[in-house]
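Attaching a single structure in structure tokens format; questions to follow.
Labels run A, B, C and D following the written order; every chain starts at residue 1.
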Amino acid sequence: MDYRSILADVASEVQPYIGRGQAAQYIPALANAELGRFGMALADVDGDVVGVGDWEVPFSVQSISKAFSLALVLARDGEGIWRRVGREPSGNPFNSLVQLEHENGIPRNPFINAGALVVTDRLQSLTGDAAGAMLEFLRAESENPHLAIDQAVVASESAHGDRNAALAHFMASYGNLENPVADVLHHYFSQCSIEMSCRDLALAGRVMARYGVRADGSRLMSRREIKRINAVMLTCGTYDAAGDFAYRVGLPGKSGVGGGIIAVVPGRCSLCVWSPGLDTRGNSVAGVAALDLFTTITGWSVF
Amino acid sequence: MDYRSILADVASEVQPYIGRGQAAQYIPALANAELGRFGMALADVDGDVVGVGDWEVPFSVQSISKAFSLALVLARDGEGIWRRVGREPSGNPFNSLVQLEHENGIPRNPFINAGALVVTDRLQSLTGDAAGAMLEFLRAESENPHLAIDQAVVASESAHGDRNAALAHFMASYGNLENPVADVLHHYFSQCSIEMSCRDLALAGRVMARYGVRADGSRLMSRREIKRINAVMLTCGTYDAAGDFAYRVGLPGKSGVGGGIIAVVPGRCSLCVWSPGLDTRGNSVAGVAALDLFTTITGWSVF
Amino acid sequence: MDYRSILADVASEVQPYIGRGQAAQYIPALANAELGRFGMALADVDGDVVGVGDWEVPFSVQSISKAFSLALVLARDGEGIWRRVGREPSGNPFNSLVQLEHENGIPRNPFINAGALVVTDRLQSLTGDAAGAMLEFLRAESENPHLAIDQAVVASESAHGDRNAALAHFMASYGNLENPVADVLHHYFSQCSIEMSCRDLALAGRVMARYGVRADGSRLMSRREIKRINAVMLTCGTYDAAGDFAYRVGLPGKSGVGGGIIAVVPGRCSLCVWSPGLDTRGNSVAGVAALDLFTTITGWSVF
Amino acid sequence: MDYRSILADVASEVQPYIGRGQAAQYIPALANAELGRFGMALADVDGDVVGVGDWEVPFSVQSISKAFSLALVLARDGEGIWRRVGREPSGNPFNSLVQLEHENGIPRNPFINAGALVVTDRLQSLTGDAAGAMLEFLRAESENPHLAIDQAVVASESAHGDRNAALAHFMASYGNLENPVADVLHHYFSQCSIEMSCRDLALAGRVMARYGVRADGSRLMSRREIKRINAVMLTCGTYDAAGDFAYRVGLPGKSGVGGGIIAVVPGRCSLCVWSPGLDTRGNSVAGVAALDLFTTITGWSVF
């Protein structure tokens, strides 16, 4: 297939969706994003990367980082994390506390905020510097040594972090955090505030598309293990819209409130799309539409 | 691949799981199932069907029927059903009323009981005889004209049907049923009480594996539409264990409290496994283990 | 105190509230009530009864009947009913199913619909004719042999009774009903459809104000027991507004969606007020205002 | 009545209940309380105070302080607090977050932890030193200038305060706190850690029994206002057991996990009972039993 022409077609057809929705409002640092932006990149398992639109413009990865922090923890620590976090879709908004209380401080999955805090907490225990480990890993996989954390976003997250602080203290009250709440929050806000472009994220996503093989050819984890991360992305990767995303797009994916979404076509390629306008469930309107068009054109859903 | 030898390997390795769990207890007609039973069948998209163990013993399909009733309604009526039922995983037990109340009588997906009642209600409106339409369809796809409804199970379901009656009346109170509650319940209990063997169900599942092509070569629905049913099965097909099933097995599947599970390897084959011992979430213990072993041996998860 | 002049003052000051809110909308038989109606009656423990406005116009007692059915069951059967229904305020709308599911089919109190169904079910077991026993009791206490059940309201309740049917079937699924669902619903709808005036209800309420002594001088239950019914009325008698009613009015009371409210000043008098316009929580706007004015003027709250 | 002999009778009959239940386990400073302790005091509105058992032994007032902080805020600030906290019974444990999320950060009543944090927050805004204001007020009402805050309990509360921190951050995320979370928590933990005896608390409770008249004869608030605090105590004062407490005891009361309970007989007297063994809902087992016996002997329930 000619990737370049596919992306051009997608970019053309997705125009009506660009600018719809609204930027994430919970922190000032994201609220002013330009809604008209749109970019998309595709990285082939063999290494080619192509893009369209604003595909080289960095944005805040936000929750997309959760897919990679989960991968790092599973790679270093094995399946133990599943004693502290479930892997079932949540049926609740990403920052809900209701489920936590009904299930004694065990988050339903690693991609809702509470679950991601547990994963970051574990990564902090394993590395002593969770955000640093994330940055190093993403630099290596995206082959971009210039990736950095946007400290203004970190500061904004911290200043408006009461909901996440509530989640962290709540889990701590059940004994489900290993590190001080303040440390976990800092590293969590920092990993969410890494700036990457569609190009960077598509390249980083190859580790999922290549069944666990890293950019340098080494193996992050076994084929079986990476398939399981793909499974968690498909069932839980787009907040309370995972069922709809599976229905329309049919690919493992992970979205962030910065407007980015990564998606994986196992064995073929990884994708990243970005447009800041979000729907009511926190996913990029144009991003979901673009991935829907992509799988309609290519027929490459996992189903 | 030599299907027969794969199934033999699975049947051998799954032995420790057979007899674990307990049979469905909510109706006497299922409570006395023999826990030691185990069968598995695989139907190739080209038509071959092989099996192992009790693969030709009929059992009560129960919720497996929900995958087929959804397919029939989508085939006849298009996407309109999604105005009356969602397609998100539920995060609640299959017969919960809590979510219904929070979301004004719209069930989260077509595979929890409330959602399946809506689908049956629609099929009743479309056909005038929902259970009859289901039986006819399943007879055709399984190429077994002897399939029948076990009226003793229907009677037992009805006699112990207060929870389903509560769900149906509750949705009716929101105006989300088109037919009288008693009719909907009767056709729902009847479709759940169809008796089929692993062989029958593997053959019937080919319509999903063959991307919508029926046993007689005609097309039930488009490739795109059948992929969407597979997506709903993967995200919602195994009650509140869909995330775990995706993680361990990685195939679209639908389970029933009779102890059966169907699974689909898109483009390759359909599977059915049966063993009556259920785990706490209502899925066959040995059935899930067998499918886990199958995808481990073959590497055929969708991820 | 001069009761007549107090009621006249209340009736005068409550004018701005009459006509506010809306009539109960869930059944046609109540939806067309005249919002401008207002009546109030006071029955002294010594037997005098005075009234103002439409105090002799019959209306549908609806949930006010729940206070009397509870009294009858406690009088005949003692404390056993508390194994099947709690006595805690609910924190949920009167017809919610959520709590039932979280607490295994045990309603939180006898005044939410689910709890009242359990009480009616028990009264049916005790008498063989729950609605008939209620009618006979209320005729005796109100000294009005002409009280009757409005069969048009019963029919309307039945025709729109899906929510109550859901509650009843749900409790039956937990084994918390002794009689068939259809029978329990019929007697419940019938007791709710008794027509009484403010005069009738104020007289009937004397049994609470007189610490258990009936109209004929016989004793329904002990002083201690009737105080407990007053306690349940105060904490649970006005749906999810019981705290607000206790705060503003400070008397045990029980409201109905027909627009009536009874209240008890223990040892002094019983009251009934009626005006069909309901607030969002199902209590008569002018009725609550009138009782608030009454206790402000008299200082007779229990606190 | 001879108060001394009534208390002696109660103390004698309550013996079987002393030692039952367990001390509050959530902080070490309370977990080692001596379960065999029991004290009870009664303060007449005319000033006499009598007691029995350990009635002069100080204990941690804990949530009993919430009744007084509410009174102080209402006295200084009027009804405005009701825009930030409801007054309905909660139907949930005292430290639940579920309701907060469903009702957008507005706690259901001022006696669950979340609501008490809002009241303390407001008192902090009004006084600049909420805990100091509480201490001063309680010293004046109990006529005991030696009352003090147990700093070891404050430290223990802080060290194990994750649940309360979660509640406070959660409300802050909805904009329902005026002061920094850390300040609110400190003053809340401090007011809960005041040490008082049954004698002290019975004397302090006279302000409710005397319809708002303070120990020095000045008026804290109007008769009408203090009746409303009594109403809130009756409907919400004993966590999720308020209905049961109203049923059995029938008096406005407020319990604390230190094992104390105050109760008010409006116009007559105030009571305090203490015994550290708690039931599963957080109320003193022997304390509730003693108050139940007291109202049975005296007939002094408000109903």
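The rule is short, and it goes like this: a residue touches a chain if its C-beta (ideal position, glycine included) is under 8 Å from a C-beta of that chain, and two chains touch if they have at least 3 such contacts.
Bear in mind that the values here come from a model prediction, so they are computed numbers and not experimental data.
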| item | value |
| --- | --- |
| Centroid-based (C-alpha) most distant chain relative to chain C | A |
| Centre distance in Å when chain C and chain D are each reduced to the mean of their C-alpha atoms | 32 |
| Whole-Å separation of chain centres (CA-atom averages), chain B against chain C | 47 |
| Centroid distance [mean C-alpha coordinates] between chain D and chain B, Å | 55 |
| Chains that touch, pairwise | A-B, A-D, B-C, C-D |
| Interface residues, chain B side, partner chain A - complex | 86-92, 99, 108-109, 223-224, 227-228, 230-232, 234-236, 240-244, 246-248, 250, 252, 266, 296, 299, 301-303 |
| Footprint of chain C on chain B - complex, ascending | 96-98, 100-102, 162-163, 165-170, 172-173, 181 |
